[in-house]
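Note that the chains are named A, B and C in the order they appear, and that numbering of residues resets to 1 at the start of each chain.
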Amino acid sequence: MIHKFIPKELNFFDLFERQVGFAVDASSFFKQVVSSGKIDQSVLQKIRDIEHQGDEIAHTIIGQLNKTFITPFDREDIYALAKELDDVVDMINTILGRMVIYKLSGENDHLIKFAVMIDDSVNALALAVKGLRNTKNSKSVIDACVEINRLENEGDSMRDMVLAELFEKEKNPIMVIKLKEIYQDAETLLDICEDIANVVESILVKQA
Amino acid sequence: MIHKFIPKELNFFDLFERQVGFAVDASSFFKQVVSSGKIDQSVLQKIRDIEHQGDEIAHTIIGQLNKTFITPFDREDIYALAKELDDVVDMINTILGRMVIYKLSGENDHLIKFAVMIDDSVNALALAVKGLRNTKNSKSVIDACVEINRLENEGDSMRDMVLAELFEKEKNPIMVIKLKEIYQDAETLLDICEDIANVVESILVKQA
Amino acid sequence: MIHKFIPKELNFFDLFERQVGFAVDASSFFKQVVSSGKIDQSVLQKIRDIEHQGDEIAHTIIGQLNKTFITPFDREDIYALAKELDDVVDMINTILGRMVIYKLSGENDHLIKFAVMIDDSVNALALAVKGLRNTKNSKSVIDACVEINRLENEGDSMRDMVLAELFEKEKNPIMVIKLKEIYQDAETLLDICEDIANVVESILVKQA
């Protein structure tokens, strides 16, 4: 019965570690699919599985939050973290869903580059979230957050560049509609990662 | 002067019951308008009336919240409920406004189906919100929330299906722009209902 | 060492006064650029400078909030104010960025009118935010908030009117895509100002 004595607060770290794991699964799968250029219905089952598991863990965290009086960090930060980590997986699911609907198969170099940046950002996020367990990690957590911010800035420039090219070269308005949305979604994903990094940094500041 | 002794907290339930009533008015009107296919300027006066009344009650709730020390459930849940019930009416107003601007009159079977789903979801929402008065209702409140979640999932598939068809068949890019936005808005409305159901469920959990 | 005795809370008013100053800089620059019709790469350096400074002050406010126990008004209102004032500058930066990417140079009367309304709204916002220092100002703060609400309503009608005209007259779908987004962004900017005015009003109510 020793587990009775393990402080409840540890659970949140375990839960977040599992939740960010689903974000890593999703971004890794996204990179793989986009690189292969094979975007078809079969892709959706896999990403929806990940999304479903991510949903469940997010619900578990919010449920745990509602039942727990003393939490390892501010309640609103726990809520924001759970909500926005869920948004990462949701957004990847949304993008892949749109690519299937738009029949955007075939390799797209811009999108491959975005997928690599997204995967890098989500992996830095995993480092940052896992590092929250122990204040000794604060240096590496901050480094990860800086990297996420850098990738978001790079993503901004990337999106501006690819949209300018799209409006310059693509003469088919329907294709403009499709790709514009996908590129903007990809950049939004990097924004969400940055928002999460901001939550992580604010948790660090309050612990200091 | 007996009303002096009625606990202030009751007011919130009365106010939310009135607020969700405006959401029901709006979704019922939306279904009626879309089914008739007569989308013209005259429609806007009616939906703006409802939206205006909904706005007022939302302001009353927030004002009451700022003046009340003890509330029947968590302050942030009251705030979220008032804000998001307002979003339901706003979104219906936005969609009808866009349909008028885009001159999208005539019957659209996909949109009629969306309007029915939206009306079903908002009616389930009314049940859930009214049920919050008494913990004895928790079974029917949860059932209503489950139904709202089901409708949101169905709405997701519906949107994917109609967008795929739109991009497949519609050759006029301007019409693609218009209908894509309206279909996505319709699905967003079901998302908002689901967000509210989540708030309601979190209120139940905390009461348990 | 007299500064030691100056209450810490004053800092928030100073910080918000500086932050809203960057919003005024941005909206004034936006009006100037749009009126000139010269939308090119050179415009971006200037707006990004303002955005960068605005970002820094927003971070300072959030950092200060995390370190301060007693605040001059509710923590969530301080957070919302800092976040949404930042959104004003971000949105102006976003719009100008899009106009450059879309090569939308040349005078556009609708956009000039929007830019004037946005600048009026942001100036009223500056009045409202600066007025928070002293409850004696509450009449002028409320007047400013009423004006911001009026401009948001006017912006709604304006957007509906210009979109209706755009879909009626513009035959190039790519141009429809571009201008639709810019007009909607302009109206969103007025929405953000209204959201901030709501936060300001709720601060006043709680102080009363």
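Basically, a residue touches a chain if its C-beta (ideal position, glycine included) is under 8 Å from a C-beta of that chain, and two chains touch if they have at least 3 such contacts.
Note that the structure is a prediction, hence the values are computed from the model and not measured.
Simply put, chain A must spin 120° to overlay its Cα atoms on chain C, rounded in steps of 5.
Although chain B and chain C share one sequence, what matters here is the overlap of their interface residues, and that overlap falls short of half of the numbers used.
Separation between the centroids of chain B and chain C, computed from CA atoms only, is 28 Å. Across the assembly, chain B contributes residues 173, 177 that each touch 2 or more other chains. Interface residues of chain C, counted against chain A in their complex, comprise 62-63, 66-67, 97, 101-103, 173-174, 177-178. Contacts from chain B toward chain A in the complex involve residues 160, 163-164, 167, 173, 176-177, 180, 202, 205-206.
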